[in-house]
Amino acid sequence: MKIGVCKLAMASPNDVSELERLIDSREIDPAEIVAVIGKTEGNGGANDFTRGFATLSYQLLLASRLGTSPAEIGKRIAFVWSGGTEGVLSPHATVFTRSAGADAADGPRLALGIEGTREIRPEEVGTMAQVHEVAAAVRRCLVQAGITDPKDVHYVQVKGPLLTPASIADADQRGKTLVTRDPNGSKPFARGATALGVALALGEVSEADLSNDAIARRFDLFSSVASTSAGGELKNCEVLLFGNSSTATSDFRIGHGVLKDTIDADGICATLRNAGLSFSGNLSNEEARRIAAIFAKADASPNGKIRGRRTTMLSDADINYERHARAALGAVIASITSDPAIFVSGGTEHQCGPGAMPIAAIVRV
Amino acid sequence: MKIGVCKLAMASPNDVSELERLIDSREIDPAEIVAVIGKTEGNGGANDFTRGFATLSYQLLLASRLGTSPAEIGKRIAFVWSGGTEGVLSPHATVFTRSAGADAADGPRLALGIEGTREIRPEEVGTMAQVHEVAAAVRRCLVQAGITDPKDVHYVQVKGPLLTPASIADADQRGKTLVTRDPNGSKPFARGATALGVALALGEVSEADLSNDAIARRFDLFSSVASTSAGGELKNCEVLLFGNSSTATSDFRIGHGVLKDTIDADGICATLRNAGLSFSGNLSNEEARRIAAIFAKADASPNGKIRGRRTTMLSDADINYERHARAALGAVIASITSDPAIFVSGGTEHQCGPGAMPIAAIVRV
Amino acid sequence: MKIGVCKLAMASPNDVSELERLIDSREIDPAEIVAVIGKTEGNGGANDFTRGFATLSYQLLLASRLGTSPAEIGKRIAFVWSGGTEGVLSPHATVFTRSAGADAADGPRLALGIEGTREIRPEEVGTMAQVHEVAAAVRRCLVQAGITDPKDVHYVQVKGPLLTPASIADADQRGKTLVTRDPNGSKPFARGATALGVALALGEVSEADLSNDAIARRFDLFSSVASTSAGGELKNCEVLLFGNSSTATSDFRIGHGVLKDTIDADGICATLRNAGLSFSGNLSNEEARRIAAIFAKADASPNGKIRGRRTTMLSDADINYERHARAALGAVIASITSDPAIFVSGGTEHQCGPGAMPIAAIVRV
Amino acid sequence: MKIGVCKLAMASPNDVSELERLIDSREIDPAEIVAVIGKTEGNGGANDFTRGFATLSYQLLLASRLGTSPAEIGKRIAFVWSGGTEGVLSPHATVFTRSAGADAADGPRLALGIEGTREIRPEEVGTMAQVHEVAAAVRRCLVQAGITDPKDVHYVQVKGPLLTPASIADADQRGKTLVTRDPNGSKPFARGATALGVALALGEVSEADLSNDAIARRFDLFSSVASTSAGGELKNCEVLLFGNSSTATSDFRIGHGVLKDTIDADGICATLRNAGLSFSGNLSNEEARRIAAIFAKADASPNGKIRGRRTTMLSDADINYERHARAALGAVIASITSDPAIFVSGGTEHQCGPGAMPIAAIVRV
């Protein structure tokens, strides 16, 4: 398996011109595309439609180039968008391709498994039913990626549904109980359940500790490599598992780390080194250019404090705390790598311990 | 002259308990306080009343301790607040004291001059009338601070009025023309005019190049040490000029720098070195603790791009670009110094060249 | 008892000039002031400090005129502010005075009882402990107001604490459990518990039906005359009970109604008639001028729909649903009364049935 | 000419299911659709992409049903969206069809002319070049609609480009000057120029009074029937002219009015009567059901005051004044008509006199 990684700038949520150009110039074979992960410039909340707009726009382009329908592209390619480009964050898409890749590599290389769950019903969002569906999908991903040791897994991106006014109405009609009736408030449950699904599949938590009551509450249970999001445009969960496999022949390697807060520059540097960059002091321009993609989660610390100082993220009624956190972490990462086109998404329920945040970097070998 | 510098955490805009405690423990003599510069947790816009609330709260405390009225404290002490603690920024106040300071120092030390202008009428906001009043106040500050060479000036904080619905109505009644009728839109003019006042007094621009039309338009004219803000609670301009003087005997020294963008970690490090810290690679905890205060301006780049990547600051109708910029720069500075209680304020019209931003650091000797 | 009612415009949260003028002209005797209810121009959320700023500003004025301290004024006078002047809502304060009032009236007239609870601890916010404290205060208010039949009660305003980062930290330190850890999310619990306290005292619900689990959940339990709010600046609950009493000799009468949604013009007109205005079709200017004050609650309907049409209040991540609801209802009321200085506050948990909203009007006899 | 009018609810910006259903049930012939005017649930600002998403979604549906491309649909059908469903406003689309319509009617009936201008270059946005292009298109619309007397014109909807970061960059590259460099700030100029184009074509202003300097400044020049908007997704202006023509045989008639402020209930009732409803006092349910569509503009009054009371629309840095104004007017209209699916868009530059706002109603005969 050979995984290709290509970062594309976007001038708006429906700007697919960079991919168009790369297909035209034969730098990317559209038939090999398996996943698109990106940031769009919406508010990142329940009424952020930039994600759906971007998906539809890429689907239309690829459907036209591959002679099929947008719906078919939707089944074939996983689209994961995080809304909200606060601070310096730059709207972009990272396109992943997968091909046979004949040549052998001289060590473990980037591998990727992609699996979806069945549709998650509104009443299952944020419950053990969702945990189990995600765990099963993660296990299928491991097989697909050719990874046997969970230690070789560095990043598991899961995107699943949140509750929307429409799905709440649907559950009401069928007399079903929901974990919450607040669309924006359903995100912690939705993200938490999918993260625990990853943790369960990778042996980071034991099934005995899990229950509906633990979700979005027992934050001592977590995965260190999960990055989960929830959006109104999805009905099932999509799992993208990234790791290094000796059966892969990609030009890339992936590493990960854990950030202790949103200004943890040392943690960012350690992650880059874990992925294979070597530097002390400042990152050189040459090494920085080897970074293909960075994926990080940003969150407020549980008590709102950073390094002993009070921040106002958690009490701000104008700007959601996720937006504050993304703005901060995105800027710190970009100050090290010189590239603001980073995937930083909000909400870390059950992703690392309370206050900590997962980060992964893909680096050209 | 001996200048004292003390940073106080604030749990809300009206929390003056830290100053109360320091007065009670005789660590600060309230009679020596000459200025308070801080961040409050409002939105930073025309309807941000946290600044006025903080001023009133400190005035009440000091009036009670000094046996005088809040209004008298207002005349005696300069209060400069910047609203908006986006990202990790932490609400705080830095209190400056000034005393005779008998002992001689072994080199130039922190000096401070404070002067106010007469009341600026609404029709003068953003015009040459304001430029000239500020320039005159800056010249008086130089004398007061014992600084003869403009090169020894590192930071000139000016706060002046913006246009408010009330001041617009007042001008209308008197038949006067304004630079704009939009309260939030008057900030660039207000900040620009005061910055050009600083530049004029320090010889950074020549009078011949200045005119009403140049204000908030000819951005090739600027001061490299001015940091100006505008708030609805002020009617005159207050100038606080910081530099190093051989006649001062403070325990502090000040330095400054210019940031090329909001993620310019190198520029921040250079500023800390300019102020007297010595380090290569990461700042040690010991050196970091020597930092008494950092004052920086944050802004979007003119074309919205950072290191070639598009940001969405300038087109965001939900969150003002100043808030994005403050969130980014605040986080990057804190990632280096480990302290989110930084004065980062928005809007750099005529403060450094287009896209660049001034920053100053006060460091314990 | 004679209750005076006077509405004052405010140019900013700290503008007390209208009250100053009325005291100077002897139209209001500051010693007779017992309550101030008003709207301030903040965001209405957990970080809205305009309420505290307004309280401090009025306390300072009254302390100076009455030769006492702001803290003493705080004990003597109840201040109730609702932040958020969305749409056309106009910042203002309605000042209530109470005096002996020698002359007998020709029927029931406006009466007012004001009582506070003890301090509500963070762990009690949103629990039965708060319900009982409020119910006891309501009963004391009835006695004070000279009202024996609960049917004569038309409006009970309760303001109490919400959870703040500081109070959450305090509870954590003492090992106490909270109903939620989200400051903005604590408002439904805080408002719900105080509303149920009113309902309990007025016999609208039976004690047997109440429990911690019912609060902010069993919305079939409610008071039709309660209007409750929660703010970070309060530690105890303040109850202001308004009704008509035959022992009162005020120039005013109060009436109330129930709105079926935020555009219920008929419900508004019915309320005005209940308070004593007589009109069919449009309200005449003469009758409109008899309206001294209107107090209403605004909320999104539970499913977000109004008259069968979907609104986007509940899924909007930029603007809180309370702000949408206040904007809508405030405009509809003002379109009938021609006065945008109305007290419209958000959140109707246990105040009227689901989707319905309480409204009261005070009218000059 | 026979014009059909059909209002469709939308569950999200890409929900075209109602139109799909009506096409399937043959209630609407997709080949007859000439225009779609609607509200989407974005923020209404420069970064509101819900408008483009809705357009693309309808284009895809219609392209599939008509066997053509989305681009072709874009040329054939005018799409006009206003973003921002504040308060109770409900996302929806009103679809207009045009067919031959054989039968003669017993009086003037709804007629519609639709014309586009050539592409407006960034440097032309907000200038006389745009005024002239729009005026020419309006004149072509009159011919198309079979209207000779401008008095029979009741509503002219124009949508054109605003400045975006991309178009500003384009102008910079070609060395062109713009009316402003602020994307959100370009809306007043863009809307103003197109409104003056309407006024010029309908003889409401004389060419001699017009100049670049008059645009967004001389507000005594205006059209009483223009309703103009600006969005980043457009490059040319689209003009939709509605009036009554004796050559039309539609089942509808249109009327218009002028609102003196955002709470002008009398003005709304007068408009409904002008369109053909007859009622005194409250509108009956039967008459209300005859209303097919309402189009209104909402704006803050120039001094921010409504009926002598200060509102905070113009100084609010969190919520744009257009959003406040739309929330208010939308609720007042819905309180009269019982239908929150109303087209209320913001910004009235040169549309009615300062503070006044145009409104039109289409009513079933």
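Lettered A, B, C and D in written order, each chain numbered from 1.
Quick note on the criterion: a residue touches a chain if its C-beta (ideal position, glycine included) is under 8 Å from a C-beta of that chain, and two chains touch if they have at least 3 such contacts.
Predicted model, so just to flag it, every value in this text is computed and none were measured.
Q: Could you figure out which pair among C-D, A-D or A-C mirrors the B-D interface, over half of its contact pairs being identical by residue number?
A: The pair repeating the interface of B-D is A-C.
Q: Could you tell me which pair, B-C or A-B, is linked by more C-beta pairs in contact?
A: A-B
Q: So which chain is farthest from chain B, going by the mean of the CA atoms in each chain?
A: D
Q: Using mean C-alpha positions as chain centres, tell me how far chain B is from chain C in Å, no decimals.
A: So the centroids are 40 Å from each other.
Q: What is the distance in Å between the mean C-alpha positions of chain A and chain C?
A: Between these chains, centre-to-centre, one finds 45 Å.
Q: Name the residues of chain A that each touch 2 or more other chains.
A: As it turns out, chain A has residues touching two or more other chains at 11, 41, 43, 47, 232, 310, 312, 316, 318.
Q: List the residues on chain A that touch chain C in their complex, please.
A: Checking each residue of chain A against chain C gives 43-48, 164-165, 168-169, 172, 181-185, 232, 302-304, 310, 312, 314-318, 320.
Q: Show me the residue ranges of chain C that touch chain B in the complex, using the header's touch definition.
A: Chain C reaches chain B through residues 11-14, 41-43, 47, 49-50, 52-53, 56-57, 60, 166, 232, 318.
Q: Under the definition above, what is the set of chain D residues touching chain C in their complex?
A: Result: residues 9, 11, 41, 43, 85-92, 262-266, 280-282, 306-307, 309-313, 315-316, 318-319, 323-325, 327-332, 334-336, 338-341 of chain D touch chain C.
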